[in-house]
Amino acid sequence: MSGSVFGNNITITTWGESHGKALGVVLDGFPAGMPLNEADIQVFMDRRKPGSSVVTTPRKEDDEVEILSGIFEGKTTGTPISLIVKNTSQRSGDYSEIAEYYRPGHADYGFDVKYGFRDYRGGGRSSGRETIGRVAAGAICQKLLKEIGIDVTAYTKSIGDVEADTSNIDKSVVLNTITAMPDAEADKKAVELINNCRKKGDSVGGVIECVIKGMPAGIGEPVFNKLDAMLSHAVMSIGAVKAVEIGDGIKASAAYGSQNNDSFSFDQNHNVIKKTNHSGGILGGMSDGSDIILRAHVKPTPSISSTQTTINRSGDEIEVNIKGRHDPVVVPRAVVVVECMCAFTILDLLISNMHSKMTYITDFYGNDI
Amino acid sequence: MSGSVFGNNITITTWGESHGKALGVVLDGFPAGMPLNEADIQVFMDRRKPGSSVVTTPRKEDDEVEILSGIFEGKTTGTPISLIVKNTSQRSGDYSEIAEYYRPGHADYGFDVKYGFRDYRGGGRSSGRETIGRVAAGAICQKLLKEIGIDVTAYTKSIGDVEADTSNIDKSVVLNTITAMPDAEADKKAVELINNCRKKGDSVGGVIECVIKGMPAGIGEPVFNKLDAMLSHAVMSIGAVKAVEIGDGIKASAAYGSQNNDSFSFDQNHNVIKKTNHSGGILGGMSDGSDIILRAHVKPTPSISSTQTTINRSGDEIEVNIKGRHDPVVVPRAVVVVECMCAFTILDLLISNMHSKMTYITDFYGNDI
Amino acid sequence: MSGSVFGNNITITTWGESHGKALGVVLDGFPAGMPLNEADIQVFMDRRKPGSSVVTTPRKEDDEVEILSGIFEGKTTGTPISLIVKNTSQRSGDYSEIAEYYRPGHADYGFDVKYGFRDYRGGGRSSGRETIGRVAAGAICQKLLKEIGIDVTAYTKSIGDVEADTSNIDKSVVLNTITAMPDAEADKKAVELINNCRKKGDSVGGVIECVIKGMPAGIGEPVFNKLDAMLSHAVMSIGAVKAVEIGDGIKASAAYGSQNNDSFSFDQNHNVIKKTNHSGGILGGMSDGSDIILRAHVKPTPSISSTQTTINRSGDEIEVNIKGRHDPVVVPRAVVVVECMCAFTILDLLISNMHSKMTYITDFYGNDI
Amino acid sequence: MSGSVFGNNITITTWGESHGKALGVVLDGFPAGMPLNEADIQVFMDRRKPGSSVVTTPRKEDDEVEILSGIFEGKTTGTPISLIVKNTSQRSGDYSEIAEYYRPGHADYGFDVKYGFRDYRGGGRSSGRETIGRVAAGAICQKLLKEIGIDVTAYTKSIGDVEADTSNIDKSVVLNTITAMPDAEADKKAVELINNCRKKGDSVGGVIECVIKGMPAGIGEPVFNKLDAMLSHAVMSIGAVKAVEIGDGIKASAAYGSQNNDSFSFDQNHNVIKKTNHSGGILGGMSDGSDIILRAHVKPTPSISSTQTTINRSGDEIEVNIKGRHDPVVVPRAVVVVECMCAFTILDLLISNMHSKMTYITDFYGNDI
């Protein structure tokens, strides 16, 4: 099966390896007439870029995105938008050693079994750099969502045992802390934890939370393409994510119905609201009008420099110390990836909803189109 | 978007409402030549049937599955297998009241917003009875998986705060406890908890774990159709599931890399193994040869008879007491649904893998086909 | 690959064999709120039914369609519409002989090679009865198309060398002639030709033309999902169709550009028109506002009673005389199948077009949905 | 709907406009382990390149293909193969005039209605240059097909009223004649005809035939994904194609069953053959083991320099003389496009067939994979 194409009404096709010539994405089916330039996308790209900070990989890439098609006179044309980011800082030499063995926690072994061999340079297709295309395409979706009043914001909820206060999210804090936490205090502690990990040659995981505000109710297709099912697919397809929760998530399984049910009510303008939001904005696979709340649990970076045992292709058990440029934590850089995958998924489902009623179609074609 | 079709190489299309004439599924693309009769399927259907036990809904249905197409001389023919289960025990009268208001924790409001109205009888399409088709199709997939040595077993891991001992799974225990727990002691406690819930007009959630043994490595398509992403999509599309974990799941996010990485090694026959299985059998979106481990967190049944506040279609806030036949817990009956969705997903991806290498194709067509 | 599922925004999944218990279709993704009852569908079913006339197969079936799901209070609910037609007149005995050999012009050999065996009763899945589901689903699409002013009309253009005058199409004539020709004179001649074929144990082919009036311009997705490509896929998937033409079709290949180009102009109300319609209403894969014109070329029925040579499964070359109930021509009954496949395809693409512009989305979600 | 993604097991996603920075394609799902370099692809690209000959457009492009991903150590890796061709010879100035009016026979009007505006430079996305990606991807598929003994050969059958003798196809003749005819005599006449068209400011159409040898029987999925339906979709999606025929095609509609049926028989080695091939190698939507024969009817190039009437965006009827670099015939360059679309489609369906029988799966996973 083709595994690098995603979406229904709109699709993304990503391509490229960590140490190939370039990486990119084709966004197809995106509607025409939206103003778009490279700067709109670059601001998102910069959020996933390896920073100069202590906590992320020292590899430096400009990761400059270039639009190759689909834009004319500054606007989307409705045809495929092809985006490319050239690889400029590959140092393949760093990786030659790992060609011969299977790194613990990595996809190396699976690739060899499935395909007979693998592009071992920097993880090849399973590198975190694969997410470049996801972010580039998601940035474009975010711009359209903004037009209809939908805001998708992800942030770091925890790193290791350091938990951020998420009772009040200020987007500018998220964008300015080193760890993408919405809490400057916790951020400092998390940076300390990460630095300790680096010193020990270890790594650490964390939790990313994504909140979607302004969602109309009724989005998501009952049964297999439920909003939560599609979001889970999208977010679990990000490397290193090991669990996805919606709303109260795992806590819901230990709750009583009388606790977990959210009462419907009205706000001052007699708009429908829910008094609580245990559901995380999704009931029966459709948005219920409350904020969508999703959490992705990210495992610690598998590339660590402390000694590990594994096997090589010759059939020996060996000890390895993985060298190279590695983040002791991927969470801060994965925040924008989660945000962008959610944005893409939601736009795709918003489009689906445009033909849920017969009158939507008859109104559309009854008017002068 | 068409929301009731699922899968790539093989597809299932489910249809039917809780109180319509019937429910069913069409399984398309299933390979030819497998012996199949209704009894093969019925044994799985019986596991999701409302039992006579104290813990599940008193509604009695035979839920007899009938094969309408795709079988000839006792074997699958490669053409669509259409399966139908007639609804025999509808009592629509029970549900007329809920037509006018939106039940807390249910999809009622979303349906009305999305479609303009809804089949309110027993939840219509969002009823748990929708899963009949999933189980029927999954049963067929299970039969083929068994032929290639893959066993998919799900069981109840916990209900409310009652946790089963899952250190040793005996399938016959799972099939014989009331709660589908693999632990007779815990089962008793869980039944007590459930009975207490029923008395109080309340409900409770739980956790279902699914273990897949015998998986070859390399199954799953890198990037968007990762094995974990596809399983999450499949399992999160089951109503009431609010979180999905793979392997250590949420615990991975608080772990260090040195703890979470699994070392590759060899067994006595020099087959590749992992010394631990924090990954839950999936690395980089592909199976790594260890057991696949997945957990689905199920919320408490939203239909409870104790008093709740909500709104009606006339725009009033009201108090309601939901009547009718309702399970105080859906977990035991959902176990087989999780199992069947996993079985379907895995078979679909096993098929995809058959063309991952060029030599697989040249060998196939080089031989006399 | 799943071969019995078709469509993108809306999908049809057909199932059933000629001599199984029943045949049916699931129409998924169809919008909610359209009044629908069985009579709406039955009128189309009756057009493909084996008639009592001299020209079609003497097999008598009521072919009564039953709606199993997706309708509530007389309207579509947005959930899958499951339709079933029971087989009531199977006489499997007629077919036992053909189990052992490969009928010329039939799919028997392909089925055996592909699947290892086949349901030989009446052609099994490759029987013309497979189209029952297509017509049932297409009838529903036709009802919605009518609401937005789109009329899809197919008719027999020729049978053998008897060509109908198609300069003026009166739908009531099409519905009342034995051959579905829009020309009573030609119809008589065609019936005579068909009767002669029957007497000789032979069969004959013909041409079906489909005209779609009221199409807005811009429908169809550039590149792979062009309107003409999708229609060709849909119509060529009907058994016995061996060629599809759009507009001038094969004549266009021998024409000069100066002849084949259609000049754009305006009508009295200053609406855009084309002065001619060589294009058949499609330019660059999108509708151009003129009538869509498509022709399907149908081969003669392969089942003929005159002596033919073929091979059997034991590896002998043999002479056969195929018995049983066979139409000497399938064209008249295939007319409604072509019409319904076109209707389905067009509705699917009309829905796609609803998100071709960004403003369509912002207008939709800007208004109170 | 996403209109630039095509295929099921393997997919192609094409992108790019005639006068943008580049055009390209992503081929996803292609199996690993096939040796591939740019020269393998370039040889196909050169066949669709604007030549220096009198009959094709004077625009000169090197159309050099570059592989950006999916290849490692000279072999396909199973990950997406991204191919790019830079536009080097754009002269947008030539096209500014056509921004304001709708060229007869072109997609201009449809694009404006559908998307609100269009990239008018050289036809933008509807340019023939869009086929660059199709050819690049098809070239890769051809290489794999060759390995399993399948040869796909297309050639020009006729241009205007000049018909080639196709009784004996010598591939080297096809590759060396100016018109891609397999008949040097007819080629000369066709060139003369084309030159006359050019002098008159006119254009001409033609017929492309594609023959596929070495096809195993049973390829193609019954019902909607029939081999002929998929091929028709693929070929009709090429701009300018107005009809597709399989085997006897349109002639079948005027034939009798006794003429049109092909008798099955055996060759000297007791392999199954057909004595004739009216079916064009496809019965019931599956290959029957004979050569696949398909014809695409191509309309004359709509861009002609002689005077035409049309309308402009201001609402006036005007006279136009289209300037610029235009082929008076596109047929010779479209031959390789037809060939490549057929190759892609066939490989996709060959893969599907690998799971048509249960034993294929059990054998595959029973062996050491």
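We just call them A, B, C and D in the order they show up, numbering each chain from 1.
Operating definition for what follows: a contact is a pair of C-beta atoms (placed from the backbone, for glycine too) under 8 Å apart; a residue touches a chain by one contact, two chains touch by 3 or more.
As the structure is a computational prediction, the values presented were derived from the model and not from experiment.
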Tell me which of A-D, B-D or C-D has the interface of A-C again, with more than half the contact pairs shared?
B-D
Result of counting contacting C-beta pairs for B-C and A-B, higher pair
A-B
Do the two copies chain A and chain D share over half of their interface residue numbers, or under half; same or different?
same
Centroid spacing, where centroids are CA-atom means, of chain A and chain B in whole angstrom
26
Taking each chain's centre as the mean of its CA atoms, how far is chain B from chain C in angstrom?
37
Spell out, as numbers or ranges, the residues of chain C touching 2 or more other chains.
1-5, 8-9, 14, 29, 32-33, 78-79, 113-116, 125, 216, 218, 221-222, 352, 356-357, 359, 369
Would you pull the chain A residues touching chain B in the complex into a rising list?
1-6, 8-9, 14, 102, 104-107, 109-111, 113-116, 125-126, 130, 158, 160-161, 197, 202-207, 216-226, 228-230, 232-234, 236-237, 239, 241-250, 252-266, 270, 272, 275, 279-280, 283-289, 297-304, 306, 308-311, 315, 317, 328, 349, 352-353, 356-357, 359
Quick check on the complex: what are the chain D residues that touch chain A?
1-5, 7-11, 13-17, 20-24, 26, 28-29, 32-33, 66, 68-70, 72-73, 75, 77-82, 84, 113-119, 121, 124-125, 369
Touch list for chain B against partner chain D, complex:
8-9, 29, 31-34, 76, 78-79, 144, 147-149, 216, 218, 222, 350-362, 364-366, 369
